[in-house]
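We call the chains A, B, C and D, going by the order they appear; numbering starts again at 1 in every chain.
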């Protein structure tokens, strides 16, 4: 009954911004931005992520693997190859997968004493 | 004038995470994650839910019924058959219905003194 | 250059809940749930809204007009004909328009001292 | 491997509202509403934005350029030609681009001591 192949191969997140400051215990309450990726396939998915900026050329590709029938909640904070994602900087991201996946975008902002949350499905390119 | 058959039969939530801690009165202010399901059909909808993880095989199916012309705001916190959904653990979910339904995903996070909210439509598979 | 006819005629909000309690000045900080409707047409749009519940038959239709080239940010709190939308109660909503419109769903929750916000595009039925 | 032409040419945000009050340091913590635009094309994108209101004719077009392979996180607070977007006023927005782009909508509300966040993909018109 389990379903395979859910989602699309190209997803876009237009709103990216990792606050440099945080309040509360690490790692849960560190301000972070996440791409939650679900791979429902019987094979691993290999993703290439490109990060776009306001005033310089895109960075990437960042290489990410999501195993078969697994989800990976990828923090942009943790990307460092080929280069880290700068803090307090507007960015956007394009995720390209060799298998269909589903991508949801979340930010936890703990710059102030009480954390704020936001989420949306990323934009699936047909 | 009432409409039938709205939505799709397969929906995906890629971002799942139930905080283990809460602040405030139960049950409203318990940190929770919800799949809000609307069934506009003249017949009950039977759903099978599969929960995916980062590092183990999927759990499920969880069996859920949404009566005809009713909405059910299902807390993942309350799922316990075949097993509870672990707290403080990344997960994702696929909802498969025998009738078209609409699914919206919400989290209330009350780990800190003031609650945070987020919501998005789930991803509808064509 | 202005565009007409944007959107769809049927929209679904699966997550509805108006907190009964609020903190802060009225009307801005009253806990509320809103359907933001944009009518880009040259003619007024007439909507019928049906509200669904967990354990009783749907309410409605509620009749709402959105003038040509105008937006209306409709608070579910303000609906009272044929009946008010109950507080602290799970609901869902279907909006049916005679013209294409765009519908976005927002909740401001001020039960605790600091307000929380969430938003999503409603689900557009093809 | 980088992808071109992602997204659509017409996007709609139905929920617009810039709170007049803020708490915290400028510019990060000023209450604001943002359209995050990603242009994955090899050429600059020229956008015309129309702002709709509850009780008056639409304003615009506002002219905005997003360079090739860049993202622009446009604050509605900063629009002032042909006229500023009023505070504490319901509005909606239509963004029309000469190239495909992706648009995500975010609000940071810092009226109270702790900021609240919300985001959603804008509605892409086919």
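In this text, a residue touches a chain if its C-beta (ideal position, glycine included) is under 8 Å from a C-beta of that chain, and two chains touch if they have at least 3 such contacts.
Predicted model, so just to flag it, every value in this text is computed and none were measured.
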{"item": "Superposing rotation of subunit A relative to subunit B, computed on C-alpha atoms, to nearest 5°", "value": "90"}
{"item": "Farthest-lying chain, centroid of Cα atoms versus that of subunit D", "value": "B"}
{"item": "Whole-Å separation of chain centres (CA-atom averages), subunit A against subunit D", "value": "21"}
{"item": "Centroid spacing, where centroids are CA-atom means, of subunit A and subunit C in whole angstrom", "value": "30"}
{"item": "Residues of subunit C whose C-beta touches two or more other chains", "value": "113-114, 116-121"}
{"item": "In the complex, subunit B residues that touch subunit C", "value": "1-3, 6-7, 24, 28-29, 34, 36-38, 40, 69-73, 102-104, 106, 113-121, 124"}
{"item": "Subunit B contact footprint on subunit C (complex, rising order)", "value": "10, 12-17, 19, 48, 50, 52-55, 57-58, 61, 88, 90-92, 94, 96, 105, 107, 109, 111-114, 116-123, 125"}
